Amino acid sequence: MSERTADDRERKTDGGMVTERDEREVDNEGKTNDRQKSGTASELRGGDLEIGYPDSGIIVECESIIVPAGEITAFVGPNGSGKSTLLKAMSRELHPESGVVQLDGEDVHSLGTKTLARKLGLLSQENESPGNLTVENLAYHGRYPHRGFFESKTEEDHEAVERALELAGVTHLRDEEMGSLSGGQRQLAWIAMVLAQDTDVLLLDEPTTYLDLRHQLRVLEVVRTLAHEEDLTIGIVLHDISQAARYANNLVALRDGEPYDWGPPSEVVTEELLADVFGVEATVGIGPEGPVVTPRRPL
Amino acid sequence: MSERTADDRERKTDGGMVTERDEREVDNEGKTNDRQKSGTASELRGGDLEIGYPDSGIIVECESIIVPAGEITAFVGPNGSGKSTLLKAMSRELHPESGVVQLDGEDVHSLGTKTLARKLGLLSQENESPGNLTVENLAYHGRYPHRGFFESKTEEDHEAVERALELAGVTHLRDEEMGSLSGGQRQLAWIAMVLAQDTDVLLLDEPTTYLDLRHQLRVLEVVRTLAHEEDLTIGIVLHDISQAARYANNLVALRDGEPYDWGPPSEVVTEELLADVFGVEATVGIGPEGPVVTPRRPL
Amino acid sequence: MSENFEKEINKTFDGALTALVVASIAIVVIGGLVQVSFGAFTMSLEQAWRAVFDPKVITNPDVLLALLLGNEIPVDLSSETTVVWSLRLPRVLVGILVGANLAISGAIFQAVTRNELASPYILGVSHGAGFAVLLTLIVFSGLSVFLPIFAALGGIVAFIIVYAIAWKGGTSPVRLVLAGFIVGTIFYSFQRGLFFFAPDIGVVQTALAWTTGSLTGTGWEQVRTVLIPTLFIVPVSLVVSRQLNLLLLGERTARSLGMSVERVRFMLSALAILAASAAISVAGIVSFVGLIVPHIVRNIVGTDYRKLVLGCLFAGPALVVGADVGARLALNPIQVPVGIVTGLVGGPYFLYLMRKRQKLGEL
Amino acid sequence: MSENFEKEINKTFDGALTALVVASIAIVVIGGLVQVSFGAFTMSLEQAWRAVFDPKVITNPDVLLALLLGNEIPVDLSSETTVVWSLRLPRVLVGILVGANLAISGAIFQAVTRNELASPYILGVSHGAGFAVLLTLIVFSGLSVFLPIFAALGGIVAFIIVYAIAWKGGTSPVRLVLAGFIVGTIFYSFQRGLFFFAPDIGVVQTALAWTTGSLTGTGWEQVRTVLIPTLFIVPVSLVVSRQLNLLLLGERTARSLGMSVERVRFMLSALAILAASAAISVAGIVSFVGLIVPHIVRNIVGTDYRKLVLGCLFAGPALVVGADVGARLALNPIQVPVGIVTGLVGGPYFLYLMRKRQKLGEL
Amino acid sequence: TDGNGEGKQTSTDGTGTGDGTTQSGPYSVSMEPVGKVEFESVPKTWVANNGSWADMGVALGLEPPKAVWLTSRYHTQYYDDIPGVSVDKSGMRDLSSDGVNKELFYELDADIHVIDPNFLMNRFDGWNQSDIDEIKKKVAPFFGNSIFSHSYDFHKDYKYYSLYEAFEKLSKVFQRTDRYEKFASLHDEFESNVESVVPKKKEDRPEVAIMWATGNQPKSFLPYLIGEGTSFKQWRSLKVRDALANTSVQDFHANRGKVDYETLLEIDPDVLLLRGHEQQSAKEFQNTVVSFMKDHNVASKLTAVKNGDVYRGGPLYQGPITNLVITDRAAKQVYDVSEPLFDREKVADIVSG
C-alpha cells in the first residue's frame, strides 16, 4: 500500500473528505443517532504542520490533518511514530515549528487558554497523580475552565461531574484517593476528569491503557455515544487496531512522523498496512462489526 | 464456572499440578524445546496469602498460588482485582499480612535482597523515569544485583546488557535519554532493564502497556523463548485475554482479590469466565493458536 | 444556587476544619488574655482588666481612633491603661496579622513550587529583606525610620531577581526554588559581609533580631502597617484556592485545563510575597510559621486548598500569638524574639506530628 | 578484563570530565602559587620561593614530619620559611581537603534525598554544628580547645535526631529532608537564643565566623584533622557511585534490583555527614560549595555519579582554594571568611549558568 | 597629649542653676543632644546606658542604676580593689533584651534615664520620637550623650564630651559636684603620676598591638587601632606607640576582618595586648593563652611572646573608677611599675562622701 501516497493524499485532503465520509458511515454501525446531530460539532484541522521538541529536530511532518466534526478519528501507528506528538500539537500543548492548527477555522493559538479548554480536552498518555487527591476532586478539576475567577461551584458543575463519574464508571470510587487505586482505576479517574471538562473536542491518547477488557469496551462505547449522540469530535490514539476499526469513523495511520494513510477503517485496515506500518504479519477478516485483525507474528 | 471453586482448588494445589501440566502442554504450540530443559528452573509458590496495604484491609486472599517452573503463567482479571498486588507480594515488594511466598521452597523473606534480585526480576506496572538517563545506562542498572560492592562492570555485564537491549528491541535507542522517548519506547527500555537482570523468575506487570502491536508480539515472543528455551519461570499480567491464552501455559483469573479459576488457557478461557469475571459478553472461538476471544459488549 | 452554596459551605467546613478553627480561636483568645494581663510593668490582674475596660478608652471613640491612627490621645490615661492599650493589646493584634500572612504565604508557595520545604522565604525574600535591613542600619543609618519599608522592598527586589533568573521562556518550580535559594544565599553572603562593617555589636544584634523575627516594641503603628495589605491578601487568597489546587496537579494538566500557568504562578507568587513582606515589615523574619503551619493544617484538613487556606488563616495566628506569650513572658523580664519561640514550640510539635503520621510532609 | 577496565576508564573520562579535571587542577595550582607567594608578612617572590624550597625543610624528613605531626621542629627555621611552611602551605591543603569533602557530601545528599536543594547541611548538620559551637563558646568556654570536635559532634547528633524522627519503618527522601530542615531550624533557634547571651563581641564574631566558614588561622593541625577522614571518604565515595546512580531511579526500582534501600541510604548519609563534619571541624560552615559544585559538575559531565563524584573531587577544591585567595588577599592583611567569598563568587556564577542552561538544577 | 582631654574641667555651658552646690527646688542641667532638662528634685533612682555611666554613678556614691544596656558588659570585678566599694548587679535589669521594651521603662519608673535618646532611636527599630516623648512625659526625662564612640552616624552633629565633662554633667544632675571635684583632682594627680613613669623618649616606649582573641588557643585575631574612645584611655595616658598605626591593618570596626599569625609576625609588636580575657586572672591568662603561644610554631617567633610581653588588653567601658584601676594595671604591664599609681583608700573616701 506504500505506493498509495502523494496523489491519494492530494485527493483526500482537498475537501473531498466530507462526502467520502458520508458514504463510509453507511457501513458502520452505531450510526442511528447520526442524523439527529445538530450540526454544531467542531472540527479540528492542522495544516502544513512541522512539530518537534525543543532539543530535537522536526519529528512529525504533516501537510494536512483533519479531525472531522462529530466523528471519531483514530490515530494508529507504531511506537515512536509521532501519535502523541501530533496530539500535543493539536491541543496546543506543543507549539509547532510551523503550520497552524485550527478549531472551527480559528487558530488555536489565538484562542484564550480557558476558551480553548472549554472547547477542547486532552487526555495525556501518561499522567502523574497526586497521591492524596480523591477521584471526585480530580473530576471537579475538569470544571476549571468553566468557572470564572470568583465563581464557586454551580449546579452545572455538579451535574457535569456526576455524569463524568458515571460515564467513566468510577462513581463507587469517588472518595478513594488516587494513591490507593490500581493502575486501571486511576486511568478511569483521569478519563472522568476529561469528560467533566465537557468540551466539543476530545483528544484521547491511549485512553484504554491499563484497562481491562470490559472497561476498554465501556470507554469506547462512551466515546461512541458522545460522538454520535452528543456531536462531540473525538481524536483517539489506540494500539488495538481491531478496536480502532470497530469504533472509529476514520483511521489515520502514522509512520515515522508522517501520515501513511487515512480514510474509513474498512479501506485503511489491510494486511498490507499491518505489514508496512506495523511490521506485523496478520490476517484481516471481516467480522460483523468491521475488520477483525488476527495478528500472526512480528516481521 | 463459579461453582468450580473450593474442591477444584484443592485438587489443583496439592501437587497434582505438574502432571496436569504435562498433559496440557501437548495442546500448546511452541513446545519444541520444552523437553530439552535442564530441569533447574525455579518455581514460585505462595501459600495462605493475605495481602494488603498499610492503610487498607486485606485486598488479596489466596490459599495457594503457583507459578510453575519454566512456564508462563498469565494473571488476568478486571481492574482492581488484585493482580499487581499479588505480584508485589510474590516479589517481596509488599509484605503479606500472613502466609509465605517460596522460591524453590525457600521463603523469599529469608533471602538476601541481592540474592533474591539475582533470581527474581519484577517489572512494575508504572515506572517513573529519570528524564536524563540513557536507555543503555538504565539497562546497566539491571546488572546491579550481579556486581559486588567493589566490582566494576565485567564482560558478563556487558554481554547481558547487549542481549537485553537486543531482546527488547531498543538497541537503536541505546544513547537516547528516557525523557525524549515515546511512551512505548520507554516501556521497552524498562523491559530491557529487567531482562538485563538475568533472573530465573520474571514477574511482568502489564509489559505490553503502551506498546504497538508488533512490539507486543515481540515482547511476548521473547517471553516465550525465555521460558521454553532458557527455562525461565514467568508470571505475566495481561489484559488481552487472547494474547494471554496464546502465549501462556497457565492462566490465573482473579476476581475481587481471589483466584476465580486457573489452569490451561483452553480450559479457563470460556464465555462464562468472560461474563463472570470480566463482565463482558464475548464469543470464544478456537483459532489455530488457542482460544480466540471476540468481545461483543460490556454487560 | 443558594442551597448549593450552603452545601458547599457545609462541605468545606467539615468536622476537622471546624475543630481546627475553634481550637485556633481558643488559643488566640487565651494567648491574648495572658498577654494583656502580664508583663514587665507590674500590675495586678484586676488592675490589668480594669485598664482593658477603662471607660476613658472604650467609651470614647476619639481615644480609640487616636490609638488606631496614631494621633495624640485627647485624654490623660493612667500608666496602667497606657501600658495595656498602647503596648500589650496592639502586640496581640500584630501577632494575629503576622501569623495569618505568614501561614497563607507559606501555603501558597508550597503549591506554586510544589516543594514541601517551601516557606514564605523560599524565593530569596528573607535574605533580601535581611540584607536591606543591614544596609539601612549600617550604610544608610539616617533612614532607619523606614526600616520596615526597606525590609519589605528588599524582599520584593530579591523576588524579582529570582523570577528574572528563573524565567527562560517560562519557569518551573525547580528553577524557581533553585534560583530563590541561590539568590537568597548570595544576599546572605552580602549580609554576612556587611556584618563586618557594622560599627558595633548592637547593630549586629539588631540585625540578628530582625532576621530572627520579633514582636517586641510593636504597637498601633505596626497594626496599621500590616492591616492594610492583609485586608487585600485574605480575601484574595481565599478566592485563589482553586488555582492552587489545580497547580498541584502539575503544569501539564493545569495547562490543558485552560490555566495560564505562568501568569497564575507569577500572580500567586506576588501575592505570597506581598503577604510575606507585610509580615516582615512589622515583625522581621519570623521563622517556621510559614513552613509548618500549612503542613500541620494539611495534616488535619487534607490537601484541598479551600480548606487549607481557611485553616491557615486561623492556625497561623494561633501559633504566633501562642509563641509570643512565651517570647514575652517565659523568661520575664528577659524577652526573646518570637521567631525563636515559634521555632522552639512549632518545631518539636511538628516533629512529634511527623513521628505520629506517615504522610506528613506530602503536598 | 583489563581491556574491559581500560574501556571503562575511557568511558568515564570522557572529554567533558577530563576538561573539568584539568581546569580544576589548574585553578588549584594557580591559587596555591598565589597563596604561597603573597600575604601579610612582607617578602619578595624570590624569598617566598626560596622559603618553599628551603633545604632545611625539604631535605629533612624530620622537619617535614614534625610539621605534619605537629611536633617540635628540630631545626631553627627563618621567619620566611616558617610563614610559608606553617601558615601558607597548610592553608592551601586545608582548602583542597575542605572543598573535596563538601562537594562530595553535597553530591551524595542530592542523590539520597533526590532533592535538588540538598547540600551537606541539609540534614540539620550545619545548625547542629553551629549550635554546638555557640554552646561551647558561651556556656562551656573552658572547653573551647575542643571546638572543632564539638562542632562535628553537634552536626552528627543533629543527623541522628533527624534520622530517628524520619524513621517510620523506613524513611523517605521527603521525610528526611523535612525532618532535617525542621531539626536544623530548631537548632538555629537555639543558636539565635544563645546569641543573646553572648558576653561580648568577640564571641559573637567567632560564632559568626564559624557559621560563615573561614580558613583563617588554619595550619597543619587542621590538615591532620581533616586528612584522616578524607583518606577514607574519597575512595569510598568513588566506590558507592553506583549505589548513588541507582538511588536516583527511585526506591521501588532500587529495591527490586536488590538494593537494601534503607541500609544504603543510611550508610550514604553517614558518609556524607562524615565528610561534612570533617570540613566543618576545620573550616566551619562554608556555604554554597556543597550545594553548587555538584550542580555545576553535573551540568558539565552529566548525571552519571561515577563521573559526578570524580568531578566534584576536583571542582570542590578549585572553588574553595580559588575563593580563599580572595578571602585572604582581597583586603590584605585583613581576612574575610572564605564562606562569604564562595557565596559571592560561586553564587553569581551559578546563576549565570542557570540563565544559560535550561536543565540546570535537575538531578 | 591626652586626646580626650579628660581632666580638663571646662565649664562649657554653665546653664545649670544648681552649679556646684546642693540645693533643693527646681533646677536644670543641659547637655547635648537633649538640651536643657528641668528637675523638680534630685533624682533618686536612675537608669544608665552602660558601664561607663554606671561607674560614674558609683563614683558619685549613688545607688547603682536599676538597669543598664547589658549587665554582662558591666564589669564590676574592678571594684574588688577598692575597699568599701562594691556593686551588686543581681537586681540590675538589662534594657536590651530582644530590642527595648517600652513597658520596662514604665516598670522601672526611674527618676532619670541617663541614655542618649538617639541611641534608642537609631540602634533599634521600633523606637521613634513619639516613643521617646511618651516615656519622657509619662516616666522621666532622658539625659545622656553617646560619648564613647565616634562612629555613630547620629553623633556627627552634636557636641562630643570627654569622660570628665560627662562626669561633671552627671554630678550636676545628681547635685553631687563635690565628689566630682574631688575625683577630678585625684585624676589630675593620677595623670601626673602616670606621666612620671612614662619614658620621655618615644623610642623607649613600646609598640603595642591590641587584638581581640577569643578562646584560650587563639589563632586569629580582631585588630584594634588605639583610638579616641574611652576604652583606650589607659593606653593614651601611657603614651604607648600603636604597632598597627603605620600598617595597612585597619581597625576592625571599620572592617570586621581577622588577621592571623602571619600579620602579627609582619608587625611583630613589642607588646601584645589581648582583649576578651577580662574574666581571667593574670595567672590564668599566662597558663592558657600565653603558654599556648609559646608552644606555637609561628607565635613563638613573635618578640612579644619571646619576651613574655603578652597581656590582657582591658575592657570596653571605663568610668572614673575603673579607669584608675585599669590604667594602674596597664602601667604594670608595659612599664613594670611596681608602686600603685593611686591611693585606693582615697577613692573609697570620695565615694563614701
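Per-chain numbering from 1; labels A, B, C, D and E assigned in written order.
Throughout what follows, a contact is a pair of C-beta atoms (placed from the backbone, for glycine too) under 8 Å apart; a residue touches a chain by one contact, two chains touch by 3 or more.
These are the chains along with the protein names UniProt gives them: A, B = Cobalamin import ATP-binding protein BtuD; C, D = Cobalamin import system permease protein BtuC.
Since we're looking at a predicted model, the values are computed, not measured.
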{"item": "Shared chain contacts [chain B and chain C, defined touch]", "value": "A, D"}
{"item": "Fewest hops from chain B to chain E - one hop per pair of touching chains", "value": "2"}
{"item": "Chain of greatest Cα-centre distance to chain D", "value": "A"}
{"item": "Identity of the chain that, by mean CA position, is farthest from chain B", "value": "E"}
{"item": "Centre distance in Å when chain A and chain D are each reduced to the mean of their C-alpha atoms", "value": "54"}
{"item": "Between chain A and chain B, centroid-to-centroid distance (C-alpha), Å", "value": "30"}
{"item": "Distance between chain centroids, defined by C-alpha means - chain A, chain C (Å)", "value": "48"}
{"item": "Where chain E touches two or more other chains at once, by residue number", "value": "97-98, 255-257"}
{"item": "Residue list for chain D, restricted to those that touch at least two other chains", "value": "196, 200-201, 336, 358, 362"}
{"item": "All touching chain pairs, where touch follows the definition stated at the start", "value": "A-B, A-C, B-D, C-D, C-E, D-E"}
{"item": "Chain A-facing residues of chain C, complex", "value": "1, 4-5, 8, 239, 242, 245-246, 248-250, 252-253, 255-260, 302-304, 359, 362-363"}
{"item": "For the chain B and chain A complex, residues of the former touching the latter", "value": "53, 55-56, 77-81, 84-85, 125-126, 180-185, 188, 206, 209-218, 221, 239-241, 274, 278-280, 282, 287, 292-295, 297-299"}
{"item": "Contact footprint of chain C on chain A as seen in their complex", "value": "91, 93, 112-118, 121-122, 124, 127-128, 130-133, 137-138, 141-142, 144-145, 147, 149-150, 152-155, 158, 197"}
{"item": "Interface residues, chain C side, partner chain D - complex", "value": "115-117, 165-166, 168, 174-175, 177-179, 181-183, 185-186, 188-190, 192-193, 195-196, 200-201, 204-205, 208, 212, 287-288, 291-292, 295, 336-337, 339-344, 347-348, 350-351, 354-355, 358, 360-362"}
{"item": "Contact set on chain C toward chain E in their complex", "value": "39-42, 70, 79, 82-83, 86-88, 141-142, 144-145, 147-148, 195-200, 202-203, 205-206, 209-210, 214, 216-218, 327, 333-337"}
